[in-house]
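Per-chain residue numbering starts at 1, and chain names A, B, C and D are given in the order in which the chains are listed.
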Amino acid sequence: MSHADILAASGLSKSDTTGGTLAVRTPVDGSEIARLKVHGAAEADAMIARAHGAFLAWRKVPAPRRGEFVRLLGEELRRQKQALGALVTLECGKILQEGLGEVQEMIDICDFAVGLSRQLYGLTIASERPGHAMRETWHPMGVCGVITAFNFPVAPWCWNAALALVCGDPVIWKPSEKTPLTALAVQKICEKVRAGFGDDAPEGLTQVLIGDRELGEALTANPKVAIVSATGSVPMGRAVAADMSKRLGRTILELGGNNAMIVAPSADLEMALRAIVFSAVGTAGQRCTSLRRLIVQEDVYDALMPRLIKAYEGLPIGDPLAGGTLVGPLIDSQAMVAMDAALETAKSQGGSVHGGGRALADSHPAAAYVRPAIVEMPSQSSIMHRETFAPILYVVKYRALDDAIAMQNAVPQGLSSCIFSTDVRETEHFLSAAGSDCGIANVNIGPSGAEIGGAFGGEKETGGGRESGSDAWKGYMRRQTNTINYSRELPLAQGIRFDI
Amino acid sequence: MSHADILAASGLSKSDTTGGTLAVRTPVDGSEIARLKVHGAAEADAMIARAHGAFLAWRKVPAPRRGEFVRLLGEELRRQKQALGALVTLECGKILQEGLGEVQEMIDICDFAVGLSRQLYGLTIASERPGHAMRETWHPMGVCGVITAFNFPVAPWCWNAALALVCGDPVIWKPSEKTPLTALAVQKICEKVRAGFGDDAPEGLTQVLIGDRELGEALTANPKVAIVSATGSVPMGRAVAADMSKRLGRTILELGGNNAMIVAPSADLEMALRAIVFSAVGTAGQRCTSLRRLIVQEDVYDALMPRLIKAYEGLPIGDPLAGGTLVGPLIDSQAMVAMDAALETAKSQGGSVHGGGRALADSHPAAAYVRPAIVEMPSQSSIMHRETFAPILYVVKYRALDDAIAMQNAVPQGLSSCIFSTDVRETEHFLSAAGSDCGIANVNIGPSGAEIGGAFGGEKETGGGRESGSDAWKGYMRRQTNTINYSRELPLAQGIRFDI
Amino acid sequence: MSHADILAASGLSKSDTTGGTLAVRTPVDGSEIARLKVHGAAEADAMIARAHGAFLAWRKVPAPRRGEFVRLLGEELRRQKQALGALVTLECGKILQEGLGEVQEMIDICDFAVGLSRQLYGLTIASERPGHAMRETWHPMGVCGVITAFNFPVAPWCWNAALALVCGDPVIWKPSEKTPLTALAVQKICEKVRAGFGDDAPEGLTQVLIGDRELGEALTANPKVAIVSATGSVPMGRAVAADMSKRLGRTILELGGNNAMIVAPSADLEMALRAIVFSAVGTAGQRCTSLRRLIVQEDVYDALMPRLIKAYEGLPIGDPLAGGTLVGPLIDSQAMVAMDAALETAKSQGGSVHGGGRALADSHPAAAYVRPAIVEMPSQSSIMHRETFAPILYVVKYRALDDAIAMQNAVPQGLSSCIFSTDVRETEHFLSAAGSDCGIANVNIGPSGAEIGGAFGGEKETGGGRESGSDAWKGYMRRQTNTINYSRELPLAQGIRFDI
Amino acid sequence: MSHADILAASGLSKSDTTGGTLAVRTPVDGSEIARLKVHGAAEADAMIARAHGAFLAWRKVPAPRRGEFVRLLGEELRRQKQALGALVTLECGKILQEGLGEVQEMIDICDFAVGLSRQLYGLTIASERPGHAMRETWHPMGVCGVITAFNFPVAPWCWNAALALVCGDPVIWKPSEKTPLTALAVQKICEKVRAGFGDDAPEGLTQVLIGDRELGEALTANPKVAIVSATGSVPMGRAVAADMSKRLGRTILELGGNNAMIVAPSADLEMALRAIVFSAVGTAGQRCTSLRRLIVQEDVYDALMPRLIKAYEGLPIGDPLAGGTLVGPLIDSQAMVAMDAALETAKSQGGSVHGGGRALADSHPAAAYVRPAIVEMPSQSSIMHRETFAPILYVVKYRALDDAIAMQNAVPQGLSSCIFSTDVRETEHFLSAAGSDCGIANVNIGPSGAEIGGAFGGEKETGGGRESGSDAWKGYMRRQTNTINYSRELPLAQGIRFDI
């Protein structure tokens, strides 16, 4: 399939993809595949106004009916899974299996949200006063701005949007300026669903803002945007948080990760090996949950490392749309430069590098293919405290498990983590209050590839937000505590007397 | 009881209350009752370091054992209820009934937290992969800084501390510089409990920071303070939020309220009258949940207002320690000035003022006693959008309920609200997604005086935090999502294939 | 559409519906529409063995994958809604709108169950011992037998089956011998879904037992049937409970209702009128939630009753497949006899009867059409304590609300109830601990027509079971409490010392 | 302390313990320590009537206030812990450490129930209809009968009573006729609490029925007893279930256990050894959770068994009130006879017996002291499928874990189970849907000694009830599903149209 065919299959017309100023290049070969019109701040405000109008109507639509909208969205995504998955690959460079996986994640969260639409459970609560009923209910919150990053161009939007829509909140999406096409394609799907839904799905229920950082600021600045959910870098997240703190608005932040795996002596090394490669190299190391640090017990270090280096050497690098490829390109040449710089720094800190360096330069001169790198480090030095969005895997040794956990927790990020061990004392300790400080902590699987049923996110510089499963939906609603006095008395709480 | 006796009964010794630079005056008569040593930034950092050390130990103490600490705290508070209640009254000026009520609230939340200590429920979750178990657990978060305001000098600390301690988090308390004595007295209670508890309650579990705003900044600046829970004004909250956003730290903000009551035609006016007076005049109008805006349906306006004005005229103003007093002093003369200014502004916006003005000037020249004021307003003008911490009650008329709700929601704050109506269609509409936008919405009781079983807080400029009951405890813990693979396979989520 | 066409559209072939001994007659005109083969006890045991084998496999299929089966079932039901709805009407006589509603309920519960399939939440729990983790998980329970009644031939099966399947339990369905065709049609749908699903849906996942009461006994007697969920009469439920008590097996019982509406002085009489008619006359009064007792405040009695009697007189009685019909036939002539007998008894107890008696005897001599009856009773006499499965509405007066509630609660059944009142004091009192003792208590809607999001069922002779929404799914799983010691110590709970 | 002193310290007076017909003997030396008056069926009915009257009042007392009653009960139990613990030991023969542990368990559940008293959470639920609110609330259920067994004379009552009282249900206790004194002592504590509580704790809130099985039948027969919670043997449970099925009443059954431990090759054998001894020999093997079956992997069998046999040989048998004793007497000589018979049967099935036989016959001729027995069995024969209430531990070997699990699950009981293994794959498999079928499944601790925070109970012949922690409180309340229509429309669920 040609790139043009992929665009067409996604429902994007010529007029959608031409005539603008924002050049979209595919990392597959670096070629320009579209040139989009961008929105300005005034258009952003108009969209927000439209979304707020939609909110006033949508909040009154019963939640199960809102769920029906999301169910239909999931059905349409099922229908368009192949096309949209290919577009994801074309636009962000992840291999097709992962592009399809991302669409599947959208579908899964839609199914989950449909179930939520008959729950959105608040509580009835025992009151201390006779003739009083107490309860807590959850109500729609308002317009939800969603800022997404290039590496997961569509799934995080859907984590947010499926929940937000069921919760009664219209969504305005500002995708990465590197991956706006997938956003447009998804918006077309939404509009198709809306067209078939009925009058109670208002105009402006889902919208897309195309452009750069200033549009993000348009969202954070406008008090009609009740929630800003942002996925991306720590500096971006800090900026969003600072802006929102001015108006005491709500944020859901999913920022950087610096994810480690501890390999214990009792680990199944064959499984660990496969998990390492997938989680360090998948999406060319550009997942927020990519494995970046490998902390290996010294007794198994020599058994593991040669096999790992060998596995890396055999990795098929190439066109992510082609079957068999496991490593696609980086998003752009800046990413390649950053990777090189990190490897240089690592070397200067004593690191011994395996792999790394540009690949396919001849066949794909305008693209940023690289060879994934393993760096054996003498200790966890400063470079390992940073997140470099590239397939670099730092490896250090440990002796005692608590040292490994301390290393794992020593970085400023707090997203994902895992241990490979078959010893239940080790695994439960790793999951305990004294174990990993990450929002995600796994046993005998890698740090990436979460199921949608759990809450996704982490503390520290990861930003503290939670998306997707569990009760992440509460982030899209406002909580209201009610006390209803149905008696003819007026007793005060805490037994206070106040008689006028 | 003399003021000195009240101090002594609270366990505060001469050396506790003399020799420092921070003058503490009682609003009862404006006299100085203590002069406290203040802490500097370096001392704050030392305290934080001690608290963090305590955290590393306390997080490993089983939660039910942590609950035992809080149970004993509750028992000690029961024992010292009278003494502490009187000190509350002495230091912040609320009437003794309310001082005792505040201590009762501390006791109640301790009981609640003890129950939580065998819950702190996470979830086990159905995994999509065979041989995998998924769950979500809640772990201690770290040191919790608690900033409180003068008007509730002790209860909000306990809302935070009882939960934080059970959740595994040591607490550093920065009370208002206007009410530091109650904090010291409570800290003595804590130390007594700790002394009797056993070695597993580490030094530094609870601490008090005496001083001004800079100490609050010491808390927000130090990354070892994982959570800052702050109660107070909107500008204070904004500052805390801005500081914490720099390091992506967690906040729990309980800021301003501008709370309204809607009186519908079907209301029981006798009950409404009593509720209005208590919630507008209690704590001399200095509760964050004080009733500030009365929105009365035009058909019952004339039946209600004369009775209300008459009730105000008969309110006993005086020494809050004396039996029979219902209105004590404002916290200080600045508050009186602010009240006067607000009343002037209200007049300039068309308001007709009943009451207001200084009281007891002769007998209490150094204190700030005022007569509560009712201001009949022609419409909800700008002064009504502001929170003035004083007993001013603005009154406006409405015709249709949706207009009343729109007025109620038009202010920037979102804390508390209520409706007096016996019509279930009205009351449920008021509690619905299209009703009050406040965190608290009551029926046939006033906006103040929440039970501890519900979550307390609100959206918009109120800051979005929740304290006290329901699942507010989650604000003191970190959530961890776990996937455990106990199979010998390594399937990927979303059905992705990635075979090396 | 002819009756044969309806059968054919439902996917039932000639060989499905002929050649057996069980005659199936449509209440529409009393004609025989099928003659089915019945199963014997040995076949039942073979089915149970097959189901148990399916259980051993199905319990290991991840719950979200089991949810996918139920999602596909829901999709197939959407496709066949018209056909299946018509078959429901043909077989049990309810009007087509209600037949379609029943299928919609199946669809709704499938959607809900899909959402559950990524939840099935257990708890992680704070342990009192260091180095210990505590949790509660929910596991598949075993084969679930489902016994259903003629009046809801398909929805209750689906309430049970959608949950049971997601929970990991195969289902064996014993429909009423009066409505086996709908069961066969649904089973065909299930088999179609299974065929398209993949190998992990085992043979025997859903099965249908055709025959009489003895087959129900085959289910209750066989210890491989872990759960028997039965909908029907109180005597049937008692028999099931007695049988299951012998082997301490689990039951879910949905038995009789004797549902009342209280009409208070503040009621919207127009709405009450419509609600009364629908809930008393819908399904020809043969719902377990049908309105049977109307308790009217004396001050509004005269305003309500003439309008109600008039509305009854105008009710279109006739072929339930025809548009416009609101009252279809009773299930059979025995039901008509029972109705007549009840009316006679009511008269003997002082009742004044409006309506009642056979209808359409000429045009439909073999069918059991009746005119719905209203019986004004001097007081709540013994006939009103009994559930007669027919459109009889007893009416009594009350003076004070507590008297009305006492009457409402005085009957042995405890299923559904409601109040029409606009007074929030009355409505909340009705819903309080001192109010209705029914499992369902509504305000300003009738007692029938529950949404699937809430739990359905009631206490007393209604049997105590809960189906459908909320956490009714727990009835299909077993709870397991786990304590995991990952320390190297062995502390005992409650601080017990036992040193060997 | 003499036996008389123990009675006196428990607050039992001469008139309490003399003058009746029921002889109470202490298993410590077989002497008669009291002769109690017994109740007849008429007295039981009078008590039930009184309890029902108490229910009508207590259900309206706010739950947090009911919690205060239970808090005070816990405080009083703290005060009387030593005295009551000694009485437990005197009356049932368990060692003093265990007697005290049982009282501690009472205290713990009181603390837990106090926390619940501000929860008793129902749900607010998203409704499919505009202008409708849906929720689920939990209401007091009625009188709760509690039948307890001799081996845990007080804790199970408190598991039930603390929850029941908080839930609004008065309690009538029928203790074992072998241990009525502890019940009387606890009732005195309750009355003391009630006397100090205030008028809102009605007479009849807690009552004790002294006598035999017929009194249990008085509870099951009387429809005013809404719940019967029974702990004891399977035949007793079956009888209760059969009786209650006649009136479709609610039961909570905690019946027999036949609890196993699997010792895997990776187990910490030292820990396993200690856990085996405590759980097999504690309470002289008379716990429902006593370890009865040991399933040892063949590779570690020889390492474990000699140490276990040696440990048994050194067990101090003697007066349970004396310090140092680990094995007290059986409850009576019938228990000794049953133990001997079981050992004979085991021998006849190929078992090789270590230990067993009477002990201390000379010093305590009227008591039933025995030596705990280990029986090595060639396979799991029929005797191992039975629960013998005595310190007999059957041991069998296994090769593969799934065989061990199959053996573990092959018995009719389903209460408790555990595995000793450090291999997380084994431990998680054991806890999975394909693992243990018991209500309790532990890792690296024995099957007995549950914390009160988890739900206690099991499926199969164990009866299916759950007591103590988690949401076991729901067993004492009735669930009510509410839909409130606050609109002016009357839409039907499932989109049904029915226009009159």
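Keep in mind that, in the parts below, a contact is a pair of C-beta atoms (placed from the backbone, for glycine too) under 8 Å apart; a residue touches a chain by one contact, two chains touch by 3 or more.
These numbers were taken from a predicted model, which means no experiment stands behind them.
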item	value
Subunit A onto subunit B, rotation angle from CA fit, given as a multiple of 5 degrees	180
Label of the chain whose CA centroid is most distant from the centroid of subunit D	A
Listed chain pair C-D, B-C or A-B that repeats interface A-D [over half of contact pairs the same by residue number]	B-C
Centroid distance [mean C-alpha coordinates] between subunit B and subunit A, Å	35
Whole-Å separation of chain centres (CA-atom averages), subunit A against subunit C	43
Distance from the mean Cα position of subunit C to that of subunit B, given in whole angstrom	48
For subunit A, residues that touch 2 or more chains besides their own	60, 64, 108, 117-119, 123, 125-129, 132-133, 136-137, 424-425, 427, 431-432, 443-444, 451-453, 469, 484, 486, 488
Subunit D contact footprint on subunit C (complex, rising order)	59-60, 97-98, 100-102, 104-105, 108, 123, 125-129, 132, 134, 136-137, 139-141, 168, 226, 234, 237-238, 241-242, 244-246, 248, 250, 253, 255, 268, 271, 274-275, 277-278, 282, 311, 314-315, 326, 427, 431-434, 436-445, 449-456, 459-464, 466, 469-470, 478-486, 488, 490, 492-498, 500
For the subunit A and subunit C complex, residues of the former touching the latter	64, 67, 71, 108, 111-119, 131, 133, 424-425, 427-429, 431-432, 451-453, 469, 484, 486-488
Residue ranges of subunit A touching subunit D (in the complex, touch as defined)	60-65, 117-130, 132-133, 135-138, 421-425, 427, 443-444
